[in-house]
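Across the two complexes that follow, chain A remains constant while its partner is chain B and subsequently chain C.
Now for the complex of A and B:
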């Protein structure tokens, strides 16, 4: 009973239950109505949690609940709770989920019911990832969210969907399997024989894991999570997959699901395997710079709008990894801020890219132009999203990037300088895309399309999800403290053991 | 009354017949089916499959109600032939459940052929009774006789649709390979018997090397006996045939393809589980003094089995061959669990859990295959699954859940099975094998996902076929089969989230 009334459990159960209802043959009209509930309730719960979170107590798990699934003897139990690190990402999952859900409900995709069902399963998984205290369920919910992506790319995908779906599936399965092996290594080698994160942290605080075991476990986690977060050079699935994925799936995956790997590194790998993390920091720095600089340059060369967004999201993950290798509260905190900001802005970009495609019938930047005159609101949103992505003050991204750069400067000014060069790169491709799509004069081909089908400006069905994301970006941009205070408390606490149950 | 008959009555009284009541019931039901066919008028014989299923369900319910029977852990019965354990009890229920499901599949598959029906169910029941005895064998003679009951029954079942050339080929292959494996097993048993010999105990009762406990004592006191080592390897080889482990897996794809689909399911689930029912007590108890021999043999077998099964399945287009080879890979994962159990006793529970998850998922997939199969049961290609999810969403969902569980994707039961085995293997320090297993899982995603793709993704049609008539719509799902499939899919999902008492009980074994 305790479990059923828990807000975190409800946020997972609501989309899941709606998805199951659709699976059992709910009629189309009711599917759409209930889907509002399935996407809306988690978002409301997330906002409520954000408002009621005990800010100075970020190290402890709020709304903690534990339930047995029958394997507690094996060290697995369903344990839900939010601490200062998971709270912002939980809110992110709720908001991006709501935006992607609203966008999907109004879309005219074929087989709408199946589409909504898969998205709802994904949403349940996403809420579960950040609400789980038990690392087995962390992984479990990640997979629950991941599987629908493959199917969605395969059925509703654009160009190259078969290839993209297969490539994504295999890459991400490899990543997931390696990280699972890494988690098992922690389970066994910590001597705790449990997946309970608090118990593991206590065990490691009492007796750190042996150096060799740490090395291998961290290597496995880094490779596994690295693939999932598209660390260079394991990133090739990402632009291809996002290029082919239907918009809502791309929003949820790039915006939220991809953050799982970083979240796992912050919550699990860094606290439990601190020595190995430091030993791996040099190689990680090089790879992360590869993300920023190499992928940055590749992004400039993209002609396809969606692929460009996909590459830019790969590039921004480089900043996140760079923040991690600072091993300071400032750096890690900056990573969480950036994860939230990037999740919101990349989801907004994917949403707007699809809206542009609906009007121009193309993703090719060379075939576009002059859309600003016909659709000024769309143009305004797109410019705002681009500026957010570049890291302009006022948007959440600014705080994430700034704190990471400051933290990096304290460690190595050279690396910081190289990373800051990335901002210039993102300004180049971002602003160039704005210019290509919205300004200049349309190509003859585009004129033909627009003459046959005069483009309307953003409809309310597109505006509302876009506004949700934009407002969230601005709120965090102007009031970063709402995230950083509990985050700071969580990151500076030596061991998170106590739990509070706040109704 | 003569002394001989008095002795007989006394012997009968000492044997606890109640301990094997489920097996006796099955044998009686099997005979009753034949009698019913003789007695009932022709138009009422259609009820016979239903009777077979319902009576088996009754036996299963009885078995589950009486799950903690007083015979468990109460020492051997029938002069040491049988030993009742908690694990054996689980396997009995497992075989009975599988048998029920095979019968359900047969009610759909058999009417498509012009073959006698009742004998099919009769043989299934007898074979299942043999399997249930095997799960409790404590004596090599018992083991061999029960195993032959199973194998001979399967010879007939494999070639049951005898007017199909591929089926006949499969029957012949299975006969030759089965006879060979029985020969190898028997040779191994003979060597062990010869090495251990026979000696009387303090009460003057003669104990031979056929008895598990006597053999264990002998092996413990003679650590480096060549004859015994050879016998152990031969026995393991004979069992490896049953589970389809490398290098004794050659027969698997051909036989699985040629056999009638319900029999393929029987082979894939029950016959494989029989191998493990034999292997677990043999390896972990009887041959344990020779662990330094058994573990390397099993390790090489497990690694090669996982790699061979997954790699060979990659290129298959016939779904029966595909699932056959993927089943080989599953045998490898299960072997990994058995190896881990040498150091981590919990791993036995993990193996049982995996087997149960494998049963749920396999029968879901086989059910869909049976439903979609045509008059030619051996011809089931991936292409036939095009647009399945759109046309029959229910079958599509069941197929996706079954295949997902086989692939080990959360939140399905198969994932939990793999996780439990992998954690146990990690605890036992089997790192190289674990890496192979993980590689195998990744490879398997390709073909399982390819199958799901065939059923779910929009089908690509030749441009020249644009105007061609659409293929005939698929037949509606058979009602009984639909119920079974729904329950199986539900079981796979629920067991993935919530293992409950089953998980607690298995890990406490």
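Now for the complex of A and C:
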């Protein structure tokens, strides 16, 4: 198929082209108008792909296209396609991107053009990550999305932005480097001399990678991806970075980009290095429980709303890692469900946290209270986002957590019990934050702020992005099959049937 | 009939969605819609019950690998009975709310919450498997949270809502773990399939029972229910007296087949302890709703104890257990739903009449001001204390009968609780309705409109008649046939004698009282009861503030200081120092480089010569 007409390529090219146009000096007004296109087109394409995905063929790559890059000698080519695992995340990237983009276009950030340009580059990278079938480009698009994050934290960040930007850069660069080493190790040791994922899977199916090589490669990938996904105790960049990041950047990073590590583990590490993955499962279980229990308790102690959201996001990554160590379709499928759900809900939380800050001029939970009386709609959205985050049925998160809990029983009933205990912890910090911000009566300090600037309820500029995320959470929450059917097909299919690509 | 069942489930969901999307500011329209839906639910529930044929259907909702989760309906006499209770009490509460909440500015949110509750509760009733039950179990928790939180500008309401949700989550932790265990050990969570085949395990029913301990507010997770009285009074009647808190008992009856003798013994004692404890607490309460709340706890304890008692007829492990406990528990659940909803709505009528005064020592003399409320409330009181020929009499006798047959210690405790029940209910009744008004508010009390009195009359009629199982014709035969029947008059006589003791004591103490007579005559006992009531809250407050919070702060301190500070910043500092050192070595002087070169050569030589 012609590359230029391929929907996946368009979803990457559209934001990229708009970003380049802004870089070349598009005037402000046109920058904003085109930015709608740059964020809207990928989201529409993602939804279209979701609706038209061949339902029971999740294992095959739909809309597959391969383009020459001139690097075929190294086994690198631009190969795009969606299978049942990448489809939900592709949709996630499109929707969160649209919400973050709309929020940014309507925001009053200084140097709006630069801000939008960086976000658009990021969006191109995000769509690329989940549309790439070639590991080299998987990594390339991740870097494309990652670098703008640092710049955005550094320029538009809040408190501690310099330290936060530096720490985030160092951690995430190290994480990316380690995972790159791991990917190269696979390239070398598989003997296939290709970065093409399907070719690699076939090669490994015929001749597994040697045990020692697997061990080192998986160790590198786990360390690298672990840092990127904020595995305990390599997580300290996350609350700090998200606390400082401007809202749209935090939405895109916490919501989508952070899922790259888990995606890499599911699509690359587990299928290609299965023996080493099992050998590492115990240590990973312990660290992931650290995410759930230790970070969970730390989240309770947070006083800053944004830090609290950051920590809660770190905690939920523990569930994702726990789902991986089940080594079952149920566990891995649960991880994908949770990735989508968490991405949507955490993005919604960051968006609403900024909206709260706009009205209270503070992120300090002790200085808030009673906001629901002034802004009932904002309160309703925030309560919904919190309930989604703590896994209430009806929201997508419930399915992710439930399936992981069920799968964990086979790892060990004790691990399952410890993980389920996290449900109580997340209810404590979630509802506590809701009560502090919205219920009871306002503090005197807040009364002063609100007297000077009477808070208005959510504007449409805030409501529309929030609605996009909330509706997606509810759709998956009420109709999980929309994701699980292609996902199940992809995860249960034997490798041999996965090689054909739908034109 | 399947269509009816699906309709009865989806109608309230549609109502909630419409209210949330379009009718947030149109309180009147929201109230009308929700009430119409409630009426439809009651009607369809009765149609389904009359039709009576059990049926089931299910649909796969999620599949990953071998794991399949389905949503389905299992309709039998047990579900029919519960559905009718939810429908009838729900309708009464909706109608009552039309009057009670008429002036509330957030009526839309309130009625939307009621609709969500109806949806979730009906989901529990119809669920054909434990996963589905858990889904709706969580959703009733959410609707309870929203409705307790209705007056959210009050700090106490916000705290109570939060507490209710979190305490329930603690119970749900065990419930979910039990469901997962049941799934893997039995290979299914479908209620019908579990009935056919299941492994013998005490762990599974006990874990599942944790869910009932949370939702039905049994010791030690009962603390949320008295606080939940912060919600509007009709909500207390519907959710925190008649239906949601009874869901725990309903769930136990649903999983009856999984029980083992050991599990049942635990359940029996938890219920018995709750019945006694809560009755003791109820004696010292001054708030009309708190008295009723503790009374609800106590009666729920009766039901749980009944469940535990009856089914211990199991002769051998794993054999089909006799279901007498299910019969007695569900019978009491039914009668209790009617008379407790009646008394809560009656208290709502009193509170409404007295301009939101809730202290019973500031009431008095309402008999003349609110005659209809007085008559209906009196029927409720007589029903709960077990006056012969009213509903509570029959169901309580069934429980006492089981206790006498199976466990004399439990019988003694439950018998003593009968005295306490009569005592605190009559105390409440005297203080509210007899004597003279003790405050400005009660002197000017007035009866509410028809929407508030009509539900009282209907529930009063049911509180009289619900105990005569022959009146139902063949409805709910599957449940009523399980009720244990005693021979002779022994139990009724004992029960009534005990009831009269409590009644007389209350009459003597409180008839002339303007202040708490027990507190004056026996301050030591009164103080001890108060301390007993406060003990759990104190313990949990201590745990939350002193243990959990401090542990969280400690972990946070370690995180910020040791991990982020010492290790990460320290690591960065070390790297920086190393950089400084390395920079110092590059001084730019040729001599220095020569020396470094020579040192390197010396090291290499030493290595080659095997010095190291």
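Everything that follows uses one rule, which is that the second predicted complex is superposed on the first by the 494 of 503 C-alpha atoms of A that agree within 3 Å, B and C clash if a C-alpha of one lies under 4 Å from a C-alpha of the other, contacts with A are read in each partner's own complex, and residues count from 1 in each chain.
To be clear about the criterion, a residue touches a chain if its C-beta (ideal position, glycine included) is under 8 Å from a C-beta of that chain, and two chains touch if they have at least 3 such contacts.
Note that the structure is a prediction, hence the values are computed from the model and not measured.
Of the two partner chains, chain B is the only one that A:69 touches; chain C does not reach it.
Once the two complexes are overlaid on the shared chain, A:333 sits against chain C while remaining clear of chain B. Contact with chain C, but none with chain B, is seen for A:233 once the two complexes are overlaid on the shared chain. After overlaying the two complexes on the shared chain, residue contacts for A:181 are found with chain B alone; chain C is out of touch.
Once the two structures are superposed, chain B and chain C can be ranked by residues of chain A touched, with C on top. When the two complexes are overlaid on their common chain A, residue A:406 makes contact with chain C while staying clear of chain B. Of the two partner chains placed by the overlay, only chain C lies in contact with A:432; chain B stays clear of it. Once the two complexes are overlaid on chain A, the chain A residues touched by chain B in the first and by chain C in the second are 170. Residues of chain A touching chain B in their complex: 23, 69-71, 73-74, 111, 136, 139-140, 143-144, 147, 150-151, 154-155, 161-162, 165-166, 169-170, 173-174, 177-178, 180-181, 184-185, 187-188, 193. Those residues of chain C that touch chain A in the shared complex are 61-67, 69, 131, 134-136, 138-139, 142, 145, 149, 152-155, 157-159, 161-162, 165-166, 169-170, 172-173, 176-177, 180-181, 183-184, 548-549, 551-553, 555-556, 559, 563-564, 568, 572. Of all residues in chain B, those touching chain A in their complex are 346, 390, 397, 404, 409-411, 415-416, 419-420, 422-423, 426-427, 434, 438, 441-442, 445-446, 449, 452-453, 456-458, 497-504, 507-508.
Listing the residues of chain A that touch chain C in their complex gives 167, 170, 233, 236, 240, 294, 297-298, 300-302, 328-330, 333-334, 370, 372-373, 387, 392-394, 398-399, 402-403, 405-407, 409-410, 413, 416-417, 420-421, 423-424, 427-428, 431-432, 434-435, 438-441, 480-481, 484-485, 487-488, 491-492.
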